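Please read the structure below before turning to the comments.
A, B, C and D are the chain letters, set down in written order, and residue numbers restart from 1 in every chain.
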Amino acid sequence: MKKNQARLRVRYAETDQMGVVYYANYLVWMEVGRVEYCKAFDFDYRNMEIEDGVMLAVAEARCRYSFPARFDDEVVVETWVSEATTRMVTFAYEMKLAADGRKLAAGETRHVFCGRDLKPCRMPEKYREKFGLKPAAAKPAPAE
Amino acid sequence: MKKNQARLRVRYAETDQMGVVYYANYLVWMEVGRVEYCKAFDFDYRNMEIEDGVMLAVAEARCRYSFPARFDDEVVVETWVSEATTRMVTFAYEMKLAADGRKLAAGETRHVFCGRDLKPCRMPEKYREKFGLKPAAAKPAPAE
Amino acid sequence: MKKNQARLRVRYAETDQMGVVYYANYLVWMEVGRVEYCKAFDFDYRNMEIEDGVMLAVAEARCRYSFPARFDDEVVVETWVSEATTRMVTFAYEMKLAADGRKLAAGETRHVFCGRDLKPCRMPEKYREKFGLKPAAAKPAPAE
Amino acid sequence: MKKNQARLRVRYAETDQMGVVYYANYLVWMEVGRVEYCKAFDFDYRNMEIEDGVMLAVAEARCRYSFPARFDDEVVVETWVSEATTRMVTFAYEMKLAADGRKLAAGETRHVFCGRDLKPCRMPEKYREKFGLKPAAAKPAPAE
């Protein structure tokens, strides 16, 4: 299973009055991890949106918080694909302090491929191998 | 089970280039629902932080996305407590379009009571009845 | 000069570790004020984007901070148009605590009309009167 | 005049439905530039908050937008101190595309030193030289 590590620095904007990072921001960090994962394995998400008109709409997101990140901490977001089909992809994440590896949070996001109209569609052929999927059969399924 | 409905209007800031609300913002809306729930049932979260030095740290958050909210939509956040102990509270949420009741998303957040040092603690006595919990016994448990 | 008052409640997400609202969020509140101003005076910004393909791109924003807003404060955002031409509109804002009228911040945002390609354009004819502008002359200027 | 360059990658979360970066996020990037500037010149902001109990409260922020940043763009935030006294510091910023140096935006933020009570105070002695200020005279001014 291929994993990728993205690094980011906690912004003051991301803290709240509890003195730690506000919980919704971990989902933003997951996005950072996801985007860098896709790049690292040569899946250009920006181009898929522009050239293919295909987007990944989030169907579910989940985060378990272990230890609070604080302003100016360097955070490592480890990202991998835990499941993929032609219809959806699930990314998994583990967020750790860069300084000592302390686990901050872990989570998953499940995404469905969709067109510009936000209706579900299949993953464009050319991206399938990136996700360990076989190319579509020569004869398309009749139901499509 | 007591429920509360909070209403909010989708901000332009909350949309992303897909033309819909960015997924992390639903967790911010859950916070809006949670704060208004607490107020509606006379549990003043702001005061608990200031007077009792007790905060609710998020231990887990989860959201399932059904239909995308868009700029200027009016959204209803229905909130209720799905579980409560002296150590933790789980809030559940359903987010719907105010216009036609269409379900946008549903989720849960699980919180643990903690002190200013962010170490777990028990829910202050005076708030227990609000969450349907019995007051603590006269003689405190020795292990505390 | 027509003014409009929008009201909002400070979200926990909007605070930072200084215990007050993070400074960039006042610009989000200006957006809330601006959107409600436009609605109040029957200028439907959402429709202008969808029907006319015309957007207001921000050219400049400025905020002077007087007193810090805190979590759960109710804030009044007073908004008015301080200048308008067929090319641009300047909105001005004053943000106050609803409880006692204490001034929190004041600012301005200057916007230019632009098409979906983000190139500058003129305000659609039908909206001009809303901004106190005369309708265009019958014969359009040759340079357009 | 010392300048520092911070680099960041535009997040999907930072875009809005116009397909470009939402205007308030440039103020977050200014914060990123400011924090890295302070580090580069050995002024540890995090420590000043923790050890000295002194914070920099924003008094004014201003941004002029030239060209829209988009998702995944790499942005350079050039930061310098344009003015400093024992009471306040003004930072200036220029934001450019890393790819071709195209200017995105420019701005300033003016900050006042304040204590944990958010009341104005003087810059702690030990930081003065960092900002090109002379150390305080041996005899403190009587009015203080």
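Note that contacts are C-beta pairs under 8 Å (C-beta built on N, C-alpha and C of every residue); 3 or more make two chains touch, one makes a residue touch a chain.
What you see is a predicted model, and the numbers here were worked out from it, not measured in a lab.
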item	value
Copies chain D and chain A - interface residue numbers shared by over half, same or different	same
Of A-C and A-B, pair with higher C-beta contact tally	A-B
Turning angle required so that chain B lies on chain C, C-alpha fit (0 to 180°, nearest 5)	180
Greatest separation from chain B - chain, by CA centre	D
CA centroid of chain A to CA centroid of chain C, Å	34
Chain A and chain B: spacing of chain centres that average the CA atoms, whole Å	25
Junction residues of chain B - those touching two or more other chains	12-13, 17-18, 20, 24, 28, 31, 71
Touch list for chain D against partner chain A, complex	9, 11-13, 28, 31-32, 35, 45-46, 71-72
Contact set on chain A toward chain C in their complex	12-13, 15-20, 22, 24, 70-71
Residue ranges of chain B touching chain A (in the complex, touch as defined)	17-18, 20, 23-25, 27-28, 31, 49, 55, 57-65, 68, 109, 118
